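You will see subunit A twice below: alongside subunit B first, and alongside subunit C after that.
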Partner chain A sequence: MNATMLLIFDALLLASIIGLAWAALASADARRSVILFIAFGLLLAVAWGRLLAPDVALAEAAIGAGLTGALLLAALQWQPRKTADTTNSEQPTHTLLETGFRWLVTLLCAALAGMLAWSLTQIDAGTAKDALANAVAANIDASGVSNPVTAVLLNFRAYDTLLELAVLLTAVLGIFALGPAQAGYRIAGPVFTSLTRWLTPLLILTAGYLLWVGAHAPGGAFQAGATLAAAGVVLRLAGRDQIGLPRGNALRIALGAGVGMFLLVGLALFALGRPFLGYPPAWAGALILLIETAAMLAIAATLVSAFIGGQPTEEKTRC
Partner chain B sequence: MLTTQWLYALSGCLLLALGLRSALLHPALLQRILAINVMGSGVFMLLIAIAYRGPGMPPDPIPHALVLTGIVVAVSATALALALARRLTREQPHD
Partner chain C sequence: MTDILASLLIMAGLFFFMAGSIGLLRFPDLYSRLHALTKADNLGLGLLIIGLALHLRDPLIALKLLLIWLAVLAAGATSAHLIARHARRREKHV
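So, the complex of A and B:
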């Protein structure tokens, strides 16, 4: 009985997710696509929760739906206007060759999905499916944290996370190189301004909580960084261009803090005769918290800079 | 694999194909960026479905860590893609 109910829930959820993805991608109207895509991201977070992945669900809700949504909505500002008119006439006209080509691409994509599904049937044949999960469970006590996802990210596979932070840094440098920031918004009215007075400290507090709790429960630097960035987005939307982001060299330090702290810890351990990022078990918890704090600041600074769409300009008159 | 795993994994495959098709065929740049995000979500769903071990069983944390990393990389790639698209729109002559 219970299992049947869950199955119905799964089917409805997945049908909604696929339907939303389809609708978002089929639309020619950018605004419509973006809003459907945000709904798609929120339902994905529900799906991750259903599959017992609360860490991923938190990240999806904060980053996948929240910040990506904010980025996309900000991108609507510069969308070419003409796309809005072509909502009804889906595609103008295609020649026979083009239609044939579109069908070929569709068929190849369907074939790819089919092959992928077939390869899934081969997974059970593989024997070592739980080997890595068991290795994590066996070594979790030496990792310094008790949340297995944090242990994998910051200890067992810390090298991957270091490189991930380097990817973030590269992306934000690319954004800075592409031109000046988007124009800010006008100062919000009294209702929204007083809302931000409540919301901003609450978001900062939540970020700190998520950072701390990540050691033993769902949470961690990524979710905390995204929540902190949300505070910046809220301030920006309220017309405050300062948004708590430092300027000049301080901003550079904040953006590089994640990679920098990771490297500093790694090299210090190296100098002490341990492997690169091989924490001594007694110190692991403290070192992970240190790296995560720096990573949170770097992620938040990166995401807010990405939302602004360029290097923040020096403040002139507003406060 | 469990029925639940199959349902989610197959949906992941479908999302991947759906996203790939639009990324190749959609005329608008913004929707192409969205399509690549849908592709990524399909891959994430596949990984999370593989990590699932049934109700009450602890799931495999390694795919979860991979997906967490993937979500953050996806948002930074999306931000870069949007910045590139904005620059491209600015460079194009208005008609």
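So, the complex of A and C:
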């Protein structure tokens, strides 16, 4: 009875996800596409929850649906409006090149999906999954945390996370290279301002909670950073563009903090005769928290910088 | 007893969500659609959360659920206000 109900729920969830993905791609109106994409991300987070991966579900909801949605909506707003003219006068005509490109992308995606499906059949159900889980479980006591996801991300495979943070840093350098940030939004009215007043501290508190709880439950630097960035985005949307993101050198330090702290800890351990990022078990918990705090600040600063779409200007005359 | 009450509350919440969804699809203009939607958000989610809290019987989870409801209430009311105000201003311009 219960299993059947869950099966029905899963089938509905899957159908909704595929339907939303199709609707988002097929929509002619870009704004509608973005809104459908946000709904798609939220349902995808539910799917991750059903797969018993709450860490991924949190990250998907906060980054995939929330911040990416905000980024896409902001990008739409900066685009010159052209829908009014083109939709009335003529149907959008695709050149041969465009059509070919679309088919190429479709074929590549289909090939990728086919390869993923094939590799799924190759996995000997049980053994491969258990081998990895057992290896993590056997060493979890030495990792300094009890959440296996954090243990993998910040200890066993800390290299990967260091490189991910380096990718984020490179991305923000690219965003800054685009030039000064877009002009901010106008100061919001009383209703939105009062929401901002209590939502911002709540988001900061939630970020701190996610960071701390990541050691033994779903959470961690990425989810916390995205939540902290959400506070910055809300402040920006309310027209408070003089807060929400540090300025000048403070911003540079925040952006580089993740990679910097990782390297600092790694090299310090190196100097003490341990392998690079090979934490001594007694110190592992504290070092992971230190790195995650810096990473959270870096991730949040990067995401807010991406939202404003350029290097923040040093001084603002408008207030 | 509690479980029956919880089920009734959850079903009542689902009824509001359904009514809100039908209203969103069927109502003629933006303002009445917003009206339908916020009923689902506020009452539907509220009843659902009270039902779930009764069902789970854990004060900490109940507190978290209550916080979620309050956050959705504030966010829902604010976004409905912003959408309605935007539409009203656009009407005046046209």
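We adopt the following convention: the second predicted complex is superposed on the first by the 273 of 319 C-alpha atoms of A that agree within 3 Å, B and C clash if a C-alpha of one lies under 4 Å from a C-alpha of the other, contacts with A are read in each partner's own complex, and residues count from 1 in each chain.
Following the convention adopted for this analysis, a residue touches a chain if its C-beta (ideal position, glycine included) is under 8 Å from a C-beta of that chain, and two chains touch if they have at least 3 such contacts.
Every value quoted in this text rests on a predicted model; they were computed, and no experiment measured them.
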Do subunit B and subunit C fit side by side on subunit A after the overlay, or clash?
fit
For A:8, select first, second, both or neither according to whether it touches subunit B, subunit C, the two together, or no partner.
neither
Answer with first, second, both or neither: which of subunit B and subunit C does A:199 touch in the superposed model?
second
Counting residues of subunit A in contact, which comes out ahead: subunit B or subunit C?
B
Output check: A:187 vs subunit B and subunit C. Expected answer is one of first, second, both, neither. What do you get?
neither
Touching A:286, do we find subunit B (first), subunit C (second), both, or neither?
neither
First (subunit B), second (subunit C), both or neither: which does A:48 touch?
first
Taking the superposition on A as described, I'd like to know which of subunit B and subunit C A:60 touches: first, second, both or neither.
first
Once the two structures sit on chain A together, report how near the CA atoms of subunit B get to those of subunit C, whole Å.
18
What part of subunit A is in contact with subunit C in the complex they form?
189, 191-192, 195, 198-199, 202
The subunit B residues in contact with subunit A across the complex are 1, 3-4, 6-11, 13-22, 24-28, 30-31, 34-35, 37-38, 41, 44-46, 48-52, 55, 58-62, 64-65, 67-69, 71-80, 82-87, 89-90
Can you name the residues of subunit C that touch subunit A in the complex?
71, 74-75, 78, 81-82, 85
Over in the complex, which subunit A residues touch subunit B? Could you list them?
6-7, 10-11, 14, 17-18, 21-22, 24-28, 30, 33-34, 37, 40-41, 44, 47-48, 51-53, 55-56, 59-60, 63-64, 67-68, 71-72, 75, 78-80, 83, 91, 102, 105-106, 109-110, 112-114, 116-117, 120, 123-124, 130, 132-133, 136-137, 148-149, 151-153, 157, 160-161, 164, 167-168, 171-172, 174-175, 178-179, 182, 220, 222, 299, 302-303, 306-307, 309-310
